[in-house]
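Before anything else, here's the structure in question.
A, B and C label the chains in the order they appear, each numbered from 1.
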């Protein structure tokens, strides 16, 4: 398959290794991977802030950018949820609504693509680590992903998976919420991170780089030993 | 000057000119809601089993007896062992059979209802309209089971019920009420599901918040 | 920023700084998840049941004029009297007049959030009536002169010691650390008040159009007593409380109990059809229902968010909300807390002053998942944000998002902007900048990479 990468804006700029890991895993599985440079941001920050005109423009651009792509895969459940669930809502009544629905039908979150589309759980990864998985809210509730990332992690050689309390509790990022209501966001980070530390894991893994920004940012500031990695980085480990 | 009623209805009609989308139904089915609720039991024996299990979980006491004579014996034993002083009841074939010779004062609410006197009673004794297996609920009404306060003010509520009064679910109970009372529904119908309770203090369960602290069902047959 | 917004930020700051209290709240709600999940598993199919409940409310609300008039006609056929109130002031006046005409002195109340919404107690007390809240949690909050903390569990923020001290102070009782003894104190205190009250005021969980019945759900029995002993019963209900058919309750009552408190069924579910009937030994001789609009028709007129009127006030959304659990109920500063409160309040009290409640959410969606009647709660928060941006966006927001939109439409500019950000981050960190400084107060940012993904991709061109 020719997979067109959908790289979230802040992965592009702040955590590019997540995107590189995604590309590597897909290539190792024998797929052609492309990156259309015209992409920038799915528009979610504006969507969540209620500036839907800006978000709509972003959506229409995305339709142009990914026109004709066989399949679009992104290592971010929240960005994929934006494209799959919210672009059609943004473009309700718009002449290009059908295009948006068509794009939605061929856009996948990375872990979802591996398990549900390719039917693969073992990508040949190897990582000695005790891991706990954080369920990002978009992946869990908008895309219905709960088992898929866990199956992928369990197939990694040397990796032991433990569940933490509050696994399904929001980390508190929520985009602009994290800085518009920072005291609440930080309190939520504290609850989440305390539970992650209590799990005894060395590593927190998530499919959402924005959650990892929040969780990793809090853990580092608090001087905790537990580290964070994106699911793609784990699956690229050899 | 239009009335508040006309104003409100006018605003409603205006608002409803724009249709709202139906809810995002996950499952989509044409079975009625009751099909999806917890098991109620297929046969009467099953239903009695479900009922017994529910009453235990609810901390209501279930006493099974073969006939009204045995019900009276059970009630007498309860009165004696718990030291009840005063019992209020209402006249009904099921309750009247049980109040003779009880080792406590008995008083009927039917002739001269007196809320102050009722407040001083330890026990309220009633019959019931129906018993719902699925939820473990006892249905009482103000028309058939001694009014409104008898089953809620005294500290103990004892119900004389019959096994043939056990129905499966709430829909069955509603149907029974409609067929029994027709257009003249009692002014109060109450599903009682266990003794009174509260979790208001630190979410810890305490029985007997305001209503009866103890609920006893003497089930005949 | 509106005054409520300022107040919210201050209250949220104080609440989130109290780690032991947040811990206490979280633990108090921990048990709820277990009992709820145990009970949900007993349903033959919970998701199908949610569909049935959602449809029952949808049908009633989307034909509200007919459902309401059918209810009113049947209620009056049963011997009760229907009153209509356009707003809180009218409702208070109606209730006050009923009390006056009844020659009432003492009023007993069972739990009714709608009476909180219209500040009824203050109004009645100002007119000289003694008003006592009979629900244990509400009684406690009334003594503390605080509103309810959670609209189902009004004093869940209190430890037993605080309640013991409160009872010692107001009722003269001995100190105790037993929840059972504290409950018995309230039970004994309230018993005579029930017997002596002239008027009982209740809410209504459901108004059944088909039969003209008022359905009231409770665990304690205080509503049963409130509606049995006084000679006048007044029920206040929002117009959205109607349902079409009695049989709808067969699904709604169990689901209210399971979603709200993890119970199979709440202890007392009572249907009132009229005042005392001939042949009945007791009961009120007057039964009034006051139907309240108070901006509900404004919400009805918004088809996108109309389903917020389907709410059965179970409180499930509060129980699962990480915002609620971390800031508590008082910080919301208004009658209805939690996700449903954040959705409703801008409609009931004004978008401009109250939209911060819709913004104070990470949109995790736990509320929508928990709602037994499938209200699209977290999406409505987004809808409120959009409506506010359209009507009241600040100049800063307009510029920020306008600039953002401009940049993301130009990939080369986006890449350049990103590079500048990464390279100047060490300097930017030290400046007082909106958003960045806020983030860095409590969280680190990853070390900015020298090369972005697109740089790397171009570098190893494939």
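Following the convention adopted for this analysis, a residue touches a chain if its C-beta (ideal position, glycine included) is under 8 Å from a C-beta of that chain, and two chains touch if they have at least 3 such contacts.
Please read all numbers here as calculations on a predicted model, not as lab measurements.
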{"item": "Identity of the chain that, by mean CA position, is farthest from subunit B", "value": "A"}
{"item": "Chain with minimal offset from the mean of all protein Cα atoms", "value": "C"}
{"item": "Distance from the mean Cα position of subunit C to that of subunit B, given in whole angstrom", "value": "28"}
{"item": "Between subunit A and subunit C, centroid-to-centroid distance (C-alpha), Å", "value": "32"}
{"item": "Centroid spacing, where centroids are CA-atom means, of subunit A and subunit B in whole angstrom", "value": "52"}
{"item": "Sites on subunit C touched by subunit A in the complex", "value": "9, 12-13, 16-17, 19, 22, 26, 322-323, 325-327, 359-366, 368-369, 382, 384-390, 393, 397, 401-402, 404-405, 407-411, 414, 418, 421-422, 434-435, 438-439, 441-446, 448-449, 451-458, 462"}
{"item": "For the subunit C and subunit B complex, residues of the former touching the latter", "value": "28-29, 31-32, 42-56, 58, 62-65, 68-69, 78-79, 84-86, 90, 134-137, 140, 153-156, 158-160, 163, 179-180, 182-184, 186-187, 190-192, 194-195, 211, 213, 219-222, 224-225, 227-229, 239, 246-251, 253-254, 261, 264-277, 279-283, 287, 291, 293, 297-298, 300-301, 303-304, 306-307, 373-374, 376"}
{"item": "Sites on subunit A touched by subunit C in the complex", "value": "7, 9, 11-17, 19-20, 23, 33, 35, 37-41, 43, 45-54, 57-58, 61, 137, 140-142, 168-191, 213-214, 216-218, 220-221"}
{"item": "Subunit B residues touching subunit C - in the complex, by the definition given at the top", "value": "3-5, 7-9, 11-16, 18-29, 31-39, 54, 57, 90, 109-110, 113, 115-116, 119, 135-137, 142-143, 146-150, 152-153, 169-171, 174, 178, 184-204, 206, 208-212"}
